[in-house]
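Next come the structures, one after another.
In what follows, chain A forms one complex with chain B and a second complex with chain C.
Entry: the complex of A and B
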């Protein structure tokens, strides 16, 4: 019982962060049918913003969250305007290589600026604090991060399903051509999707930096999991990304407990099964 | 006409210079040693420090440094070869076994090196030394620790550093010593206080081999293991693995992890308010500068096996003097890896001096019979002498040893030596003080 409760709590807390990381990837794919390989690098940028602000200003890393989200939004929009917008005219392969190139560019730019050293956020109200609740000791920043993830999801959900802007975004996602004829600025919508994608993942990065180390290649580890999450939840589905992230967190923690050597295999087995038996994912259309 | 003649003349002069220049350099007498290191890619920072260590070694052999206290510092070139200077030719392995072998071949065939040194990663050393074996050229390996390397029966391969089997034996000597009350500043600890052990090892070749070695020695020395598992390295999260350790109720945690995982483990254990009595790391992640820079005061009390620590200067003044020169040049203290590459060049210098020739056969004989006493070395070793210290070993240095360090007084502290007990530079902090 104690074991079960601990695993569920750890799994959900970690899973919610995976969800937020996957949200942007899912959104960008849903709107534009393009896979953003640089997604993990956007997250890495968010992590460095939290690290830099908390180390050099020094600002509490909690206060770096809006800066990280803002920078992520800008990074997303600029990437779209300067790169993605142009390669959309090319074949599918050009789009793949384009975002792949963006990933390499950002990763090695960070390597150049920050060196490959591993760093971490050392000071902050929540950093290194542990909450004790009965059987469980859990990092306070993980609990806080999980809360922010839920709020961010709610905000994005509300924006997309309850506002006019969101309706335009959804229209672009369902049929870009038709949306254009209806007078929707589809290019603007695309940029918006990239902006939200960048903002959410950079926010996730700044949250993660509270309890995870920061290094230029850190995005790589999370990108693969984000792909699995998006495939499991369904490409383009917000609710899907949310639930799939939590499921992946649970799978990871439970398999880590019993067969830690193979824990990533289980995630990819689930990914594989979904691709074979339900290619549109749990909530995809 | 005159100009044409002048042109022809200068052409002849340049041509003859080009032809005779190699001979001119030969007149200065140089001995070329090829050094294969990972100079680009993710291991480049380590490769750079290894290169600095080897270069300092060559410089100390080639130039007189009075007052250091070891014989090569008194030399000006190799005495047995009439003062010939050591010239190191560096080649970048890129951390890739196939490319490393290619470089070994190039150094032997094109650069005509007398011998090789390198190559840090066991996997690269493995392939590069095959080329040396094939060509009948000596390969001196100062820095790779996979036990298998010295178990291949090679006749042209000599390993200076102790290997993993050794380091694991050190761990159990340390544990048994704690029980016997030999650790400085700690009264005899009852075995039940430290038993059972819990082991977490990453799942690549190195971690897997470490786990096997630990299990083997635990059985031999009669230590119970409650939990021993491999985990997927480069993890996004190690909460469940840390939970497994705490749930095992074992008082002693042993780790074989690279730096990113080592950091996550310590953070997760702190989060779970784990209360082990001893935390030991198998080198690698646990001695990386990123480890203590990232974790700061949270590393205090953790012990790790190592081969060198700057604090060694307290008990070995010659190590201190050489470390000072190294630090002036590179900006860093020697670490276990760069200090070992320094010794690699030293081994080459002594072997060349003894052989009094650069003929491979003579060098082979000299290396086989080489004996460098411990007082000549910057390492806490009894010396360098090649033999078979563990079953199956050939040309493995018998007189090496490891040390165990403990982090004390961080974030501003230094790693202190706590094993071998007679070399300890500080009292052991026991039990592990826990995290604030």
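Entry: the complex of A and C
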């Protein structure tokens, strides 16, 4: 019983981080129908920012969060303006290889700058601390990370569904040609989607660095988990990404308890089941 | 106000417009009529910058907008209400209208325009919380025009607004367009309903295989042999 509760709590906490990671992927897909293979590499950049600022300044890794989000935003916007904007006109395959190339570029750039060494964030008020609530013990950093993920998710949701800019973003995602006729700068909206996508995933990376090792190749696994999350929740659905993230966290933690080696396989088993029985995902249209 | 001078447009290498020349003056209702595939929609899309002419030029209030971006052309007041309406289906009626006001500066201004559109189309007010896709064809056309009016057009371009509407609604639609003209809007109307369009228009142009082949006062065109033969089956 205690174990079960502990697992569920951990699963949800981890899942909320997955939700935030998947948010940007879902948003970018929803607005311009492009799949960003470099998504996990944007996260990796956030992780290194938390690592660098906490190791060399030394700044508490918590204070690195806004820097990571800002860097992620810039990285997203610059990637869009310099690369994605140009490949959008190309065939689907060109788009796939375009973002795949971006992934390899960022990964090997990190390899060159940081070497393949595995690093971790060692100092920080939350690092290594546990919180005890009755008989449940949880890492303070995971509780905090999950909280920030929920807040960030809520902020993006509010922006998309409650503001004028968000309305323009939704219009662009529904029919970008008609959005242009409204005087909306649709290229600007695409860049904004990439910016938000980059900022949220880099923020998730800086949070994750509190309790996950940092390497130049860490991104791929999280990209793949984010793909499964977005497919499970329904492509382009923001609410779907949130719920699917939590589900994936639960599946991973609970199945990992029994067969640790297979925890990622279980994610894909669930994903395959969804693809077979409900190809549009839980909340897709 | 608008001068289109000998524009030529290619669609993926294939000529779609050979030579289109037309003019719209302040306060006028100008109709551009022609058969399906004559290039009417392409001409409007060229004006709003959605397709780029290979030659010729387009002046709006003296400013060359031939190769300007759509968003900028719209901000100058050239508003295009697209064929088959293109409303944002998953968004509510009011959200659709507010998107038309995307370029407006103040909240009060937006409210003013919204009230204006609701006075013009009371049905939209009744349904303001409904999703756009749940409206009937006629209501969707009202929404598309209302959304266009929210942009505060100096020139309102309507692309086949009667397409797919029941005959009764078509009559109503042409009344609405006349009403908009009386309110002072400058309108460029593209239609396949040649008779109705020319009846309410001050002037008309006839487009055939990508060329403006004839122009004149609306009533005169209706009486002309070319229109009688080609479009009215007389």
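Quick notes on this structure:
Following the convention adopted for this analysis, the second predicted complex is superposed on the first by the 284 of 285 C-alpha atoms of A that agree within 3 Å, B and C clash if a C-alpha of one lies under 4 Å from a C-alpha of the other, contacts with A are read in each partner's own complex, and residues count from 1 in each chain.
The rule we apply is simple: a residue touches a chain if its C-beta (ideal position, glycine included) is under 8 Å from a C-beta of that chain, and two chains touch if they have at least 3 such contacts.
From a predicted model like this one, the values you see are computed outputs, not experimental measurements.
When both complexes are overlaid on chain A, the residue A:178 reaches chain C alone and has no touch with chain B.
Judged by the touch definition given at the top, the superposed model places A:186 against chain C, while chain B stays out of reach. Counting the residues of chain A touched by each of chain B and chain C gives the higher count for B. By the touch criterion defined above, A:3 reaches chain B but does not reach chain C. By the touch criterion defined above, A:164 lies against chain C but remains apart from chain B after alignment on the C-alpha atoms of chain A. By the document's definition of touching, neither partner reaches A:229: not chain B, not chain C.
According to the touch criterion, chain A has no shared surface contacted by chain B in one complex and chain C in the other.
On the side of chain A, the complex with chain C involves touching residues 164, 167-168, 170-171, 174-175, 177-186, 285. Against chain A, the residues of chain C that register as touching in their complex are 48, 50, 70-71, 74-75, 79-82, 86-91, 95, 98-100, 102-103, 147, 151.
Contact residues of chain A toward chain B in the complex are 3, 6-7, 10, 14, 115-120, 122, 128, 130, 132, 137-139, 142, 211-213, 215, 221-222, 225, 252-254, 256-257, 260-264. Residues 42, 45, 203, 229-232, 234-241, 243-244, 247, 259-260, 263-264, 267, 270-273, 288, 290, 293-296, 298 of chain B are the ones that touch chain A when the two sit in their complex.
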